[in-house]
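What follows is a pair of complexes built around chain A, which joins chain B in one and chain C in the other.
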Partner chain A sequence: MQTNNRPVKEIAQEIFAENQAERILGWKRGEFFYDNSPAVFSAADELQEFVYDAFCGSNLSKFLVKEAAKEGRIAVLLKPCDRYSFNQLVKEHRIDKENVLPIEIDCDGMVDIDKVRALGIKGIKSISADGDQLTIETVYGQKNCSKEDVLLLKCQTCKDRTGGDRFALVREIEEMSSVERYEFWRSELSKCIRCNACRNVCPACTCEKCVFDNDKSGIANKANSDSFEESLYHMIRAFHVAGRCTDCGECSRVCPQGIPLHLINRKVIKDLNEFYGEYQAGADDSSVGPLTSYELDDVEPDIVMNRGGGR
Partner chain B sequence: MQRIGVFVCWCGTNIAATVDIDTVVEAMKREPGVVHSSDYQYMCSEAGQSRIRNAIKEHNLTGIVVCACSPRMHETTFRKAAKAAGLNEFMVEIANIREHCAWIHKDRTEATEKAVVLARTAVAKLNLNKPLTPGTSDVVKRALVIGGGIAGIQSALDIAEAGYQVDIVEKEPTIGGKMAQLDKTFPTLDCAACILTPKMVEAAQHDNINLITYSEVDSVSGFVGNFTVKIRKKARSVKADICSGCGICTEKCPSKKAKSEFNMGLNNRSAIYIPFAQAIPNVPVIDRDQCIKFKTGKCGLCAKVCPADAIDFSQQDEIIEQKYGAVVLATGFKPIKLDNFDEYSYAASQDVITSLELERIMNAAGPTGGKLLRPSDKKHPHTMVFVQCVGSRDTTGCGKTYCSKICCMYTAKHAMLIREKYPDIDVHVFYIDVRTPGKNFDEFYRRAAEDYGVNYIKGMVGKVAPTNGKLMVQGSDLIADRQVIIEADMVVLATAIEPDQTAKSLATMLTASIDTNNFFTEAHPKLRPVESPTAGVFLSGVCQGPKDIPETVAQASAAAVKVVGLLSKDKLVSNPCVAGSNELLCNGCSNCQHVCPYGAIDYVEKEFRINGKIKIRRVAQVNEAVCQGCGACTVVCPSGAMDLKGFTNQQIMAEVDAICR
Partner chain C sequence: MSSRIWSIDLEKADELFNALAAGQRLYLPIEQAGQVQFKEYDPADSKQKVRLDALNTVRSAKDLFFPQSENMAAFKREGKKIEIIDNRERVSPFAIFGVRACDARSFEILDRVFLSEPVDVSYADRRENGTVITLACNEPEETCFCEAFGIDAAEPGGDISAWIADGKIWWQPITARGEALTEALADVLTNAEPDDEKLVMQKKQIREIIAQLPLHELSLESFQPERLKEIFDSPKWQELSEACIGCGTCTFVCPTCQCYDIRDYDTGNGVQRYRCWDSCMYSDFVMMAHGNPRTSQVERFRQRFMHKLVYYPANNEGVYSCVGCGRCLAKCPSSMNIVKVAKAIGGEANV
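And then the complex of A and B:
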């Protein structure tokens, strides 16, 4: 893919050629064409492995917490959605901005290989994108499909392209009765295998020591001893990232069990928008968010009762 | 391991009637760490306290749980008792089995079960308590009174008389407040100005009182004994130090279309004005929205005629910063807006007025020189109707649910004064109830009804309709059980009062709590009625709840005594339950700093040795002298690095576990 009509790889090469940074945080090809992974490149010749195509869904911002603390300036390639996470981390002093060269790159949506397979396309050898159309080379010959149909979940409701209504599903869940809602989440969350992938990928989860890894927190062991554990694990995580979650969608993307974890965070975001006015975490890197600031006209706690909550 | 003693109080029958004391005592004997469990009829009595002291010594206790009333009530009592027996006072936990249990339950089994849960919760917490040692902080020997009405003036005078410096901040150009607008005061009918203006002068001339008028509090930081307050002195456009108050400027000012705030908009004032003749300070102020010089750049007549050369169009708002040991809130009240009460035609007819407007009309210094005239045609009225409870005791949502308390008495006063001065005027009063408790108050009301022939009608007015220059008042007479229609010349609405709009922002600045009606909340409704729950903040006058002048003055003096008691101390014992950050867990995210209402958290860059490498990390540090232990930081901290001594995350988790067990 290109940015300003230039291939992103060329931009990366230029960074080294012009000594703009000593390292570049980007993506490299994985074992298969569809499992590109975040990688740090330290020299121009390493860029042979560099890739930027429709399978670079992963958000690079979080890697900067460690990488930007290392010596030498690091350039990072930020898709529009990753920029929010970057800003939020700068705001929370988790990234040393001075040591980072942020490069904004274009993105027209990332592809979910599972969705391509779900179309019944087998023996996939490679996929190339041409605008809205995907050309799929398979052992059975060439196939085509519309890119829109196979976008990653998070790209379907992209904040920067004209995405769909990201709160539609939240609204559906809100309209359930409390019993239905409880059943819905019990059923979804009971799939959780506590692999911690959602937490490990989440750019809002960068604590020096996570409460779930800290046996002194009084939470870690309790969680292990209770069958209701996984539900509370995700609820506690949602509260910990409330007001800071940029809705990057990585949690649901990496969940091996396909739990729609992003919906919990979106419910919090929707509430924040309704209570305090539209707010996008990470829209800038310095403002104080609604949950950590106080305005005289902030909602009173009785809003919960007025909305029919607390029953 | 702790050695815990549990003491279960009967509180006479308050607790014992609903909670089975023996069950609680026995259940606590089985709790971990508990080595002694006993009960007594009145644990707070000297006999009860001596049982606690003896048990501490006899059983070598390391901590005690008292199952009794709210800690607000007797935590200090039991801490002192524990301290007297050689225990650290923070090794005392209270399980509130009275307010939280016995008083709110009827079923003895349920209440007993809950009492056991509350007691074991306290035991669970106490098992993790550590002795804490309070520090001390200095007291700034100066008080701030916010609001210069009768409440503020009285508080300031009493504090000043005790020998302490007091600043009064008043948002209007003059002190005096609402009382200055009143005509006569019940029940003795002496004129408000005659008793108020000498007090205003006394305040102005007192060596220890500093008046800061036409000013508002901008921000407050700090804590009891050491508040730092920024006060915005609004630009008067007149140099107060050289103005002689001659008043020539106000006479010559060509812009005379502004409504007089002091006269409730019943007449006009000039753009440069002194609110009323006895204003203090007697220095005019330019209303920049009305002044021709400010609007068009031309005029400046006041500057030309001023013999003292005191007019200063370039004056800017000024911020004064001052430290105070104590703050008195005396922000007072205002009548509510009548937008929700169209049925009374207040907006539609000039002859429908509020009681405060009537005060101005009846006042000798008012817009009519004290002559009772209809505002619309300046004619003498023959029939007047008073409507009580306009917006008070209102359950429809249009007004206020509370009783404004002063209206019954001032309406009786108005009715009586009118009948006395103009016996030809028929006076009718519509009321829901007449509420006149107080010394000589009911006698006063009865005099109005019986001796002065005021026609009291029990019932509310449904509609006031302006018709052919008259006001058709339609109401119900509940005693005669019929509808009445009165053709009135004037209607006076006893409008509900509400706290001044500054109360809410001040509550935020001072972290003083307000109730749903924006009245400031007292620390205890009965036992600490003039203190705010926020240490060092005191309440004076109507800002705490509706009250009349005698009550306001009494409360103002009470608040002053509390201030004097505080300022007379050289050192205050500080609260050891303060926050602290575990630097190894701290992410440096600043969220705690954003939510800290006291500005107690700073961030520092610090070197850490991690896995043999030196790493510089940004970590939170709490200034313990400033921290008030509210715990907001511990809630917002995602990693649990912030913790509150005496209320640690672990202690709270232990309590939750004990409840859920």
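And then the complex of A and C:
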């Protein structure tokens, strides 16, 4: 179902009015104007708190793993980027499609409040938009910035809008010397507090019990013995989601330490594209991915040695 | 409180830090890959970027007293003998500058837990060796609600309180330890007047800003120990917890969260026992032989807030174990937090 520019709240009301679903997975207004939370609505009168605006960056698809398993049909609001995760989860049989009414909603980019703060803007009270210009009222007076500059990282290279080059930074890192690259990742990853937000939010991470949480796995740990172990955690995760990561950007959005985790996944995606041809995980809900199919002309493992450039 | 007060030009902050670092290890809010953390200051490292303007570090100051992980003991096996080696770290004196009023209060909350019998020796060791130098908050954030806990961001406390006003760092020792540290800084600090107009103005300004913050009057009155059962049974927990992804970010960034796990690591020829922060949001929290007493996320979620707003105050003369630093407000992936919980559950208990 498409929204065709209708207000999303109206669509939500219609879903209840016409009994299209018993519950709606959407966003609920927060304490401030920017801290909307994912929420399940089960009746029309609950929709008073329903919200859809430029602060609904969170991807609702993963919540479906638990919500779609419950009794009664659930409608879910999917921004263009979230649709990829939804498809991928359906493909992996993590969501029972029959129990879900997916609603594709329009989006013109979500604002990252942390980016606003990074501009040195503090004590934020409200934001109003006039085209690309944002006017921000704060405890310390009025400030301005451009919306483009404070879009969520995933929105800056949106798959559905003419976005920037999502591999630009990956290429820059590839061009680094191995020492520089090591320093770059060391400085980023040693900030990690191992809170697991990146893993828990990730729609590709849906194991019932993650090895890192499983006492019996032998590698469960809540603390690292040194910061190198943190890197290992992230590498294992990147490998596990390889070919399934839709580049939804959630990991980088939620990391309290601002670690650019998406760059690890984008590197993997870039390599997969080069090795096996262009592929977008979640573009559909049934095709076989590059790492789960075999073609005679697939690259040989020695590509790693032979492509050169120390990458 | 001592009425003596000193100052130093903000431009000469380096001199102050170098003098401090000469006497003990010094931790400052330092930028690392875009985020600000308390890190050891190295006068020789010109690349370190000290950020006195940053309000709250991502990891709180509790890190220095209750680190994320630390060794407790090692067990070494030789034949039929097992040797127990005490390899707990013993710290040398250190100072931490730039602690905000909320984090300074968090130490009092942790003290009640770790310094009551049986005393936690590692924590006690760090508390005895650490001098806390606070810094008043000139530019509080909208997420700050320290005032709800009677914390005054303009009088930040600690062993020494500091302010930035009129292009100077103002310095006032509060405890004997603070006095002792100040003695050693006679060469860099200049005597000043405690009621200097500029300093008084700055404090007034801070309080005026605090009074404008959206959460400054947050009421927690309805969270009374007598209402434990009623709050525990509130139907609201279910819907509030729905957004929670159980990541534990809120507990790891929180200055008052105090739970830890003790684990044994197989080193190949022995065992290293260590402890590390734990989170009530995790599925294996308080795991026992029979399993976990809290089997669903709603129960785990509820635990965090019951502990902060009901259980802890019930055991500690009504003191809440939240200091309103706002970290969980800023960092939760789902924007679910203690304020939303307090308003939803508290509001309901009020009627």
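Following the convention adopted for this analysis, the second predicted complex is superposed on the first by the 275 of 311 C-alpha atoms of A that agree within 3 Å, B and C clash if a C-alpha of one lies under 4 Å from a C-alpha of the other, contacts with A are read in each partner's own complex, and residues count from 1 in each chain.
One rule holds for everything that comes next: a residue touches a chain if its C-beta (ideal position, glycine included) is under 8 Å from a C-beta of that chain, and two chains touch if they have at least 3 such contacts.
Note that the structure is predicted; figures quoted are calculated from it, not measured.
Applying the stated contact rule after C-alpha superposition, one finds that A:122 touches chain C and leaves chain B untouched. Of the two partner chains placed around the shared chain by superposition, chain C is the only one that A:193 touches, whereas chain B remains out of contact.
By the touch criterion stated above, A:305 is placed in contact with neither chain B nor chain C.
Contact with chain B, but none with chain C, is seen for A:92 once the two complexes are overlaid on the shared chain. By the touch criterion stated above, A:43 is placed in contact with neither chain B nor chain C. Looking at the shared chain after the overlay, A:211 reaches chain B, while chain C stays out of its contact range. Set against each other, chain B and chain C differ in how many residues of chain A they touch, and the higher count belongs to C. On chain A, the patch touched by chain B and the patch touched by chain C overlap at residues 209.
Chain A contributes residues 28, 30-32, 35-40, 58, 62-63, 114, 118, 122-125, 138-140, 187-188, 190-191, 193-197, 199-201, 209, 213, 215, 220-225, 250, 253-254, 256-259 to its touches with chain C in the complex. Of all residues in chain A, only 69, 92-94, 206-211, 214, 216-219, 240-241, 288, 291-294, 296 touch chain B in the complex they form. Of all residues in chain C, only 32-35, 37, 55, 58-59, 68-69, 139-142, 209, 212-215, 239, 242-243, 245-249, 252-253, 261, 263, 265, 274, 276-278, 282-284, 287, 329-331, 333-337, 339-340, 343 touch chain A in the complex they form.
Those residues of chain B that touch chain A in the complex are listed here as 504-505, 508, 584-591, 594-595, 597, 603, 615, 618, 636, 638-641, 649-650, 653-654.
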